[in-house]
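Just below sit the structures, each encoded as C-alpha cells.
Okay, so chain A shows up in both of these, paired with chain B first and chain C after.
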Partner chain A sequence: MNLLRKIYKARYGYFFLLPHFILFLIFFLIPVGSGVYLSLFDYNVFSKTFIGLENYKEIFNDWLFKKALVNTFIYTFGVVPLWLGKALLVTVLIYPFRKPIKTFFKTIFYLPHVTSSVIISLIWLWIFNPNFGLLNYFMKLMGLNPVIWLGNKLTAMPSLIAMQVIMGGGSTIVLLSAAMASIPEYYFEAAKIEGANSWKIFSKITVPLLKPTILYALVMGTIANFQTFSNIYVMTQGGPEFSTITVAYLVYTTAFRDYNLGLASAMSMVMFVILVGLGIVQFKWLGSNVQY
Partner chain B sequence: MTKMNRAKLVKNTISLIILLVLGLMAFIPLYWMVVTALKPPTLVLKFPPEIFPKNPTLMNFRQLLQRPYVLRWTFNSAVVAGSVTAVRIILCAMAGYAIAKKRFPGARLFFWIYIASMMIPNQVTLIPLYIIVSNLRMINTYWGLILPSVAAPFGVFLMRQFMVTLPDEIIEAARIDGASEFQTFWKIIFPISKPAIAVLGIFTFVNEWNDFLWPLIVTNTTAMKTLQAGLVMIREEIPMEYALHMASATYAAIPMLIVFFAFQRYFLQGITVGAIK
Partner chain C sequence: MRTGLKVLFVTLLLVGAMVFPAKITITWWINPWRIAPPGHPADKALTGEEYPKWISEEFMKLHPDVEVKYVLVTNQEYAQKLAAAIATKTQPDFFKGPVWDSRWAKSGLLEPIDDYLSQEDWNDFYDQCLKAGYINGKHYVWPWVYGTNGMGSTMLLYTPDFEKAGIDWRKIVNEGWTMEEFVEICKKLTWDSDGDGQVDHYALALGAKGDMVHNVLNFIYAFGGRLTNEDESEVILNSPEAVKGLQFVLDLIEKYGVAPKGAEALDIYGVISYFHTHKASIGFGGPYEIGRITRYVKEGRLAEAFYPVIAPFPHVEGKDPVAYARGSGFIVFKQNDPKKREMIFEFLKFMTNQQNIALLETLQYLTARKSVNQMLYKNDPYMNEQVKKYSQIMDRYGVEFFGSEEFPWSQMNSHFVAALEAVFAKTKTPQKALDDFVTEANKILKKTK
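Right after this comes the complex of A and B.
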C-alpha cells in the first residue's frame, strides 16, 4: 500500500518516462533478452523446435563461420589501430594552428562521416574499378600494373581496410580535439621549457591526458567495425572466395536469405560475447590510471 | 629567436603537408563522385580520365530522376528520418526530464538500464527485433521503419545529461506560478533544452537518412525502400552505368551535406554523439 501511494505521488515521473520506455521495452529490451532464447531453436519458415545448444555446435563446426570470424578480426584489427592512429596524429597536428585552419581540416575529415556508408562504398567501387577506376589510373601513371582490387582474394580485404582508414576518423578527430582543448596549455608550455621534445610531450602528456577519450573511441570503434556490413554487402558480397565475408554479413545471409533465424541468432550471440570480452580487455588495458 | 622561429616554421610546414595529404585522400573520393556525376556517360570511360570536367552536364541527374521509384525512395527517406527525429526528440526529452528531475521509485534503475543498453551492439537485437516487428504486422510499413529507431536508448541519456544541469529553482518557480506538470515541461524545460535537442535532432536525422541495414531487412517491396537501399538496387540493375551511380550517390549525399554545413558548429564541437564509423 505504501509503495502504491509513493508511486501515485510520483505518477508524473512515470507519465514522462513511460512513452519512451514502452517503445524501448518492446523494440530494444525484449529483443536483447530473446536473442539467447532464439539461438536455442531450430527456427525457420516452417517450424520452431527447441534444440538446445545444437546451433552453437553447428557454427563451431562450420568452416564458413570460422572464416567469417577470422576475417572480422582481421578487418577490425586492421582498421582500428590505423584509424585511431590517424585520428590522434591529425588531432595533435592541427592543435597549434589558428581556429580557421583547424575548422577547415576538421570539416574535410568530417565530410565522409555525414556521407552514408552505402555512398562511400559506391564511390570506392568506382575508384577500385579495374578498367576505368581512378586508382588503376594512378597505378599506370606510376608505371605499375593495374590491380583487380576487389576481385582478388589477396587484395580484397586490404582494399576494404584501406578504404575505411582513409575515409574514417572524422568524428574521433573532433572528439579528441575537444578533449585536447580542455587540457590546460601550461602543461605543454612547462614541458617545452623543461626541454621535452615533441615525442616526449605526445607520449607523456597528450596521450595520458586524452586516455578516457581514446578509450571511449577505441571501444566504440571496435564495436562498430566488428559489425561491418554495408561495405561488404555493397562491394564484395563476402567474396571473392569468401575472403571478405564478415560475421555481420554471414548473420544477414543466414537469417534473411536462408531464413535460418536460430542459427543466425547463435552467430550474433557469439559476436556479442566476443565484443564484451574485447571491451573488458580494452578497459583493463587502458582503463587503469584514467582520471575522470 | 630567429632560429626558433625557423624551427617552428619548418615544423608547421611539415604538419600542414601531412594534414593536406591525409585530407586530400579523404576528400578526393567525394570530389570524384561529384565530378563523375557531372560527366556525360561516354566521357566517364575515357582514358586518361578528365580530372576537371570540361563540359559539366546535369543529364545523369535528369536520367536518375526519371527512373521509377527514385522520388518515392526520397520521400520514404524523408518521412522516416523526419518522423524518427521529431518523435525521438519529444519522447527522449520527456524521459530524460523524468530521470533527471523527477523523484520516483525505480528512477535510478531506469537510468542504469538505459546506460547499460547503450553498450549493446545493434547486431544483437537485429533478429529478435525483426521477429517482433513481424509479429506486430509492421514489416514493410513506415511504423516498422520508424518505431525501432525511436526506441534507441542514446537520446534519453543525452537529454538526461543536459537536464540534470538545469537548476531545480526554475521548476519550483513554474510550480509556484501555478503551471501544471505538463506546462512546466513544455513551456519551460523543453525550450531551455534547445542545445541538447539540436544535437540529438541533427545526429538522429543524419543517422536515419544514412541507415541501410534495418531498412534493407524490414522492407520487402521496391516502393517501400529508402533511398540508401534504392541506390544499391540501381547499381545491381545497371552495374555498368558508373555516371548514373555517382549521380545517385551525389543526389543522396546532398541533403546531408546541406545539413552538415548548416549546423557545422554542432558537428565540430565534439559531443560524444553517434556511432564512430
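Right after this comes the complex of A and C.
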C-alpha cells in the first residue's frame, strides 16, 4: 500500500519516464528476453525444439567460440586503452588553443565518427594491400620488406587494432573537451603558483576531475569494441586461420550462414553477460573515487 | 423498403466482386542481376533494378489481374533478410538469390516444381540445372542460369601477353594444357616489366578467400582429389591426390614464382585486379568475367577494355580437365492459394521462356536452356566463340565440387578458407592443413546427419 502511495505521489515523474521506458522495453528488454528464450532451443528458422542448456554446453566445448572470445578480449583490451589514451592526449594538447582552433581539431578528429565504418574499412583494406598498399609503399621506401598485414596471423589483429585506434576516439575527444572546459581555471592557476609542473597538473588535477567522463567513455568504448563486426566482416572475414574472428562475427555466421539461431542466441547471451560483468567491474573499480 | 435496400447493397457487392475481382499479388526478391531489358541504352550502366522492373511490368500487362512486386536485395544482406522473413512468416512468394538451404525443402517450406515443367522443359534444361534443387525425389529450383561467374570452370587468357612470350594460345584453347605445360608457360609469362630486377608481372594470381576456393578446388579435383566419398558420409579431401593438387598450387607461388606471394590475403577481387591491370596474364572465370571488364570500363573503374579468350584449366597428363558446373534459378515458397500458385509458376514460365531467358546474354551468363544458348551472340563473333567454348568445356568436363544439395558445405567453407590461408602463409603443410580441415568438416557432417 505504501509503495502504491509512493508511486501515486511520483506519478508525473513516471509519466514522463514512460515513453523512454516503452522504447527501452520494445527495443532492448524484449529482444534480450527473446534471445534468452531462443538460446534454449535448437532453432533454425524452420523448426524449433527445446533443448535446455545444450547450446551453452556446445559453445563452451567449441574451440572456435573460445578462440573468438579470446580474440574479442585481445581486440577490446588492445583498442580501448590506446584509443582512450589518444583521446585524452589530444584533448589536453588542444585545450590551450583558441576556440576556433580547438573546434577545427575536434571536427577533424570527429569526422571518422560520421563516416560509414564500411567505407573506412575499405580504405584501410587498400592501405594494408600487400602489393599496392600505401603502407607497404612506405615500407619499401624505407628499404624494408613488404608485410602481408592482413594475411599473417601475427600482424592481422594488431593491424585491425591500429586502424581502430587511429580512426576512433572522435566523440570521446568532444566529450572530454566539454568536461575539461567545466574544470574551474583557478585550479590550474593555483597549481602553477604552487610550482606544479605540467605532468603533476595533468595527473593530479585534470585526470581526477575528468574521471566521470573517462569512466563513461571506458564503459561505452568497451561495449562498442566488444561487439566489433563491420571491420572484421569487410577486411578479414575472421581470417587468416580464424586469428581475427570475434564473437559478434561468429554470431553472425552462425545465425545467417548456418541458420542456427538458437546457438547464435546462446553466443549472444554469453557476450551480454560478459559485457554486464565488465561494466560492473569498471564501475566498481574506477567509479569508487568519482564525484559527479 | 429497408430490406429491399439491404438486398440491393449485398447484390451490388457480389456483382462488384465478380466484375472486379481482387488482384492476386505476387512478391518476389532478387539480388542485383545487371541484365539489360530491351531498349536499354547500351552506354548506360546498369544497377540491377532494370530487369526485375521490366519483367514484372511485362507480366502485369499480360495478366491485368495480377500485381507483381519485386524487391531488390543486396548479396550482403540477403541471408539475414531471408532468415528474418522466414522466421516472421513474411517471406516472398518466390526468390532468386545467393542463398539456398536444402533444409527449407525438407521442412516443407517450398513448392516442388515437377508438376509445372513441360516435357519440352525437361528436355531443354541442362541436367546440372535441374540437379541444383533435387531433394528427396523432387525438384525445387526452377532453372534460369547455367554456370556461375565461371570461377573454377574456365580460365581467361590475355592474348597479347601470350603472343609477346611466343606462346601459341590457340593451341591451349583448342587442345588444353597439361600441368607440366602450364608451369612452363607460366614461367614464360612471369617477368620484370620496369627493369628494376624485381618480378612485377606474373602469369597468374592466387587467393584464399571467396570464390577463389573454386579455382583452388579445380586443381585439387584435377589431380584426383574429391571432397567426399561416394555416399557423402565422410569428407576425404586429405587424400594423397588432394594433397598433391594443393601442393601444386602452393608450388606456383613458392617453387616456380609464377604467382605473387600474399595469396593468403587476396580475395577474388584482388585476383581479378591483377588480371585487369595486366599484372597477370591469366585470369579466372567465364563469359561473365569478360562482361565485368566492359562493365568496369562503363563504370569508370577500368581505363580500357580488353578481350581475353576462354580456355580450360590445365589437366594431369592422361586425365581430363575439370570444370565447376552448377545451375541456379528461382525458388518458390509454399502457397495456400492454388490460383496464386498457378500464377507464380506462370510468371516463372514467362521469365524463362526462350525469348526472356535469352536476356541473360546481356550479362554474359549462359541460360539454363540448351536451345537458347545455341542462339546467343549471333551478332558478336568474339563473344559467340567464347560462349561456345565455355559451354563446351562445361558440358564435357563439368562437375559439382561441393557435394549434393544436402551436403553442408556452407558450414565447412570457412574451415577450408582457413586451410588455404595456412598453406599460403606456410604455417601448415598442405597435408596438415587438409587433415585439420577434414577433421572439422567431418565434425560438421556428423552434427548435421
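The definition used in the following text is that the second predicted complex is superposed on the first by the 262 of 292 C-alpha atoms of A that agree within 3 Å, B and C clash if a C-alpha of one lies under 4 Å from a C-alpha of the other, contacts with A are read in each partner's own complex, and residues count from 1 in each chain.
Here is the rule we use: a contact is a pair of C-beta atoms (placed from the backbone, for glycine too) under 8 Å apart; a residue touches a chain by one contact, two chains touch by 3 or more.
Keep in mind it's a predicted model, so treat the numbers as computed, not measured.
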When chain B and chain C are modelled together on chain A, clash or fit:
clash
In the overlay, answer first, second, both or neither for which of chain B and chain C A:Ile148 touches.
second
Hey, is it chain B or chain C that touches more of chain A?
B
With the two complexes superposed on chain A, say which partner A:Val114 touches: chain B (first), chain C (second), both, or neither.
first
Would you check which partner chain A:Phe46 touches, where first means chain B only, second means chain C only, and both and neither mean what they say?
second
Give one of first, second, both or neither to describe whether A:Pro130 is in contact with chain B, with chain C, with both, or with none.
second
I'd like to know which partner A:Glu241 touches here: chain B for first, chain C for second, both or neither.
second
State whether A:Ile166 touches chain B only (first), chain C only (second), both chains, or neither.
first
With both complexes overlaid on chain A, does A:Asp258 touch chain B (first), chain C (second), both or neither?
second
Tell me which of 92-100, 110-118, 182-190 or 218-226 in chain B produces the clash with chain C after alignment on chain A.
218-226
Residues on chain A touched by both chain B and chain C 129, 252, 255-256, 261
Where on chain A is chain C touching in the complex?
44-47, 129-131, 148-153, 237-242, 252-253, 255-259, 261
The residues of chain B that touch chain A in their complex are 11-12, 15, 18-19, 22-23, 25-30, 32-33, 36, 44-45, 47-49, 91-92, 94-95, 97-99, 102-105, 107, 110, 113-114, 117, 119-133, 147-148, 150-153, 156, 181, 185, 206, 209-213, 216-217, 228-229, 231-232, 235, 242, 245-246, 248-249, 252-253, 256-257, 259-260, 264, 267-272, 274-277
Which positions of chain C touch chain A when the two form their complex?
79-80, 83, 86-87, 101, 103-104, 107, 109, 208-209, 260-266, 270, 410-411, 414, 417-418, 421-422, 424-425, 427
Interface residues, chain A side, partner chain B - complex
3, 6-7, 10-17, 19-21, 23-24, 26-32, 34-35, 38, 86, 89-90, 93-94, 96-97, 103, 105-120, 122-127, 129, 132, 134, 137, 164, 166-168, 170-172, 174-179, 198, 216-217, 220-221, 223-224, 226-227, 229-230, 233-234, 248, 251-252, 255-256, 261, 264-265, 268-269, 271-272, 275, 279
